[in-house]
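See the structures that follow.
Okay, so chain A shows up in both of these, paired with chain B first and chain C after.
Here is the complex of A and B:
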């Protein structure tokens, strides 16, 4: 049944703990050479999915296939995977060299090959100078690279990464994001990257699978997930956005905001009809702000703060109804000053509309 | 530094130091000195001599007692480690929220005192005891090996020190991060390799402590052989106790005490310096 071209196939997999459904009927095909991010809030079931793929846990229902072979009942050590954990989980009683050699030794590779592979992986991860140290003598970033090396050293069929950057500081994280993506392209094996951090998912992966309450909420190219969210959850979770409530006007052509004196045209092709209550999501960078003195329509607001973020400016706005909205704009010389009265609006195609309560 | 904190530091340091000097160093010194004197007709002869050590090194009975004690201590400690691991492992892995209850249950025998526990065991293992009584009633021959023998002593030592060793291994395992076993599994290690490569070495220091907690008291035990050892079950510690009691040869007893002390120190030294603590994940900094 699963003889398609997919490299990893997850087939209607569920995992129940008693009456709690940690994972509910999830299907996912992963191609060779693909970098896929599994994105979800904590407790969404994303780590359970990873553990099922690794074999550290068994599904209650459904099958897992690697290269057309059913591995559902196969123990983790027979799956030929590499795994990187959030807490690194390096063996504290072994040097870096021994940690890196561990997966090779477990696969009973000849000694010469072990040394060669360790040198190779230490080379690409810049670990060559610290091979004889113990994990406790390394910094967080170095430990992370050792963990990555241990996952990659034995030519795994795929690499599973469980929030590997969560314990690193921001700067190091951004550096590692680029590195990890580079290794994936270099090695040509699938990376399955679990994270709750949408920025990491967006910056590294080819595709993103969004998991919420144990269900696969959305699956698609990262750009599509970002620009065309299919569900309110994805709209809220991916990217930074603000939510408004409104109703479709009696003519079925405009959306009127509930709390603010503003309306905008219903995008063409919308399934919404007159009288529908809607949730409106607008990404922070899609807002238009105009000075009130210049006229036009929009939500009347006041600039309460301006946060400089290098090439971008975050305008913290307070609407006249007391809501806080953040609008991100490219930094230019004519920044709007604090306390300025502005009108906040967006183009109909720049927002995402969902029928309320869906 | 203020006077108050200086005083605090003095108290914290000086009280234990004084205690150790008074109750540990002084008696030990007295014992060592006594071992180089002699006792004749229940009187101490204050004359420096090595004769006690000579007796211990040449007289067959003392050598036998010593070797028997050493073999017993090694055998008991190894058996206890082998027994304790599965028990502790089971409690830690599958005890769930009852873990604390299980570990407290283990300590219950300790609440009754050693003599009482030995008398209970005598009732179990003796000629008319529970085991042999049942065997005789069923028409079978009684098990001679468990009546007043070294086997009986062995069983008693296991019974006495099992809670100590299980608790020690339990404390080690409860602080062990079992996600490391998952990591090893994801690295291709099967159950056996996970144990030999990760779980065992990372709990070795705790296991050694458990081993020593059984080894040292077994090596110098006097009550167990007296209650259960029978005619061929005399151990070194029991013989030593007799020197201070019935035979009144305190100086010889003191020399035996020194020998026991030195061997315990030696065993401790071999086990703690023979093991590279770093290879047990021990950094001296706790878990980071």
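Here is the complex of A and C:
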């Protein structure tokens, strides 16, 4: 680890398998001490990107740089990285201690250092009491921590994480999300975290790179990715949202929904012009629901179900045209009962508009 | 009460059956052991304990060289066919793709070719094409061809469950491909490799047909035993066969112990 200029640079990288483009011209700069999530649906190419950074696969085009050095042709075992796999892949014939010591032994560290590093990593991951057990004697969460420890123990230049929490149950996952983020801040090396789970990406990372069909769809601060999606795909994939179709009215000032009798003002600064067909994305927590008896405008709907989620309430609504929409609201005492007639609307600035077909 | 009685009957019937099956399997082997320890090898009952046939064996150069030849033949075949079987398994499982099953079937199919046929045709072919006379080398090659399919099947069964990403996990930890093989893949899969080695060893140690047709003037255990049947069995042959059975027995016990040890680890 050098003091300055430690970063990862992925430069116009493509990977083809025959005629199939798994990755298509992806460029990405990762700063030192950054936690970046690579988010995408399965088959989007996000794991391919991770394997290219690890050196387990070679790009057909483009270069990969670590700390200013071109490592594109460098064998994976010489890259000085750590990696955590979804299936953990602990060595079943070795104890936890031996698993943790493995990367250090491979790097020919002196024996005293090996012991010291193993103790250190076992300490921060609370594994000290189970060093002499075999992986098969550990729970899923413990195995996960050993896998993480094996990735971190040898002072890697960066840590690659390939859906490391996918095999854990929900509660443990949320606990580990906080832990992993803490380790990253503590160690000050870049973590590159591949996931198809947008909640994980949002809760842990500094920046998110959204990958779809082998292309980089969006790259930005997590808050920006969430609040200002640049493409319809990002709007649909990050956060939970509903989609509507509509047209910009002849005056160029309102958007009229296609299937519902509702219109709202076109947000100021929009590039859309009169007559444009648009896709409208509204995040579930951005909906306004008003009882029909109170009047006002909106999509006439019926409350079909109310799901309690601790501090939040999920209203399952059915519009009069038969579409299902979920609206999330903070839990209050005046909850709207099932079967109540409501009007569904949103503020113009709370939705994302894209010209249809983009 | 009644139920207990029926249970007991079933239990004892099964136990008796098990004893009969084992007796059936092992009586001939034990008989040879008795014969080798007796001064009356043709009918060694009542039993004796007499080592004279072993003493005579120690001076019989034909049997000794046959034993040595068989040992060389079996060891070389075991190593060669296991190495090839391992490579074939890796090839089929990792790079076979959609046609993996087709490759696997063709690798295993020679199992169903009769050994005699393989022996004769190997002899004919090697002579015809390579002008090779029947000798130790051709015997090893022909035996390897035969054992390869067994080795392939044994190791395919073991490696089928192996997660190849385990090698990648070792490599990203900084292990070279060779080290990841030695430190991770080999220890995880070695019961399969050991099983393959032992099977190939025992098969080629005992296989008469292939060695018989190929060896010509070089005696091996099976061909000497075969000859002895025609020219009169000598008691030292019993001693030699007992020794061979003992070696095989020790090998199998070793394998069993190794598997036990591995289970304890897991």
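Observations
Quick note on the criterion: the second predicted complex is superposed on the first by the 352 of 358 C-alpha atoms of A that agree within 3 Å, B and C clash if a C-alpha of one lies under 4 Å from a C-alpha of the other, contacts with A are read in each partner's own complex, and residues count from 1 in each chain.
By our rule, a contact is a pair of C-beta atoms (placed from the backbone, for glycine too) under 8 Å apart; a residue touches a chain by one contact, two chains touch by 3 or more.
Keep in mind it's a predicted model, so treat the numbers as computed, not measured.
When both complexes are superposed on chain A, chain B and chain C occupy overlapping space and clash.
Of the two partner chains placed by superposition, chain B and chain C are both touched by A:103.
When both complexes are overlaid on chain A, the residue A:290 reaches neither chain B nor chain C. In the superposition on chain A, contact is made by A:150 with both chain B and chain C. When the two structures are aligned on the shared chain, A:328 is found in touch with neither chain B nor chain C. Of the two partner chains placed around the shared chain by superposition, chain B and chain C are both touched by A:82. Of the two partner chains, chain B and chain C are each touched by A:93. When the two complexes are overlaid on their common chain A, residue A:224 makes contact with neither chain B nor chain C. When both complexes are overlaid on chain A, the residue A:313 reaches neither chain B nor chain C.
On chain A, the surface touched by chain B in one complex and the surface touched by chain C in the other have residues 54, 56, 75-77, 80-83, 85, 87, 89-93, 102-103, 106-107, 134, 136, 150, 154, 160 in common. In the complex of the two chains, the chain C residues touching chain A come out as 163, 165-166, 168-177, 179-180, 183-184, 187-188, 262, 265-266. Interface of chain A with chain C (complex): residues 54, 56, 75-78, 80-83, 85, 87, 89-93, 102-103, 106-107, 134, 136, 150, 154, 160.
Taken in their complex, chain A has these residues touching chain B: 54-56, 75-77, 80-83, 85, 87, 89-93, 102-103, 106-107, 134, 136, 150-151, 154, 160. Contact residues of chain B toward chain A in the complex are 177, 179-180, 182-190, 193, 197-198, 201-202, 278-281, 283, 285, 288.
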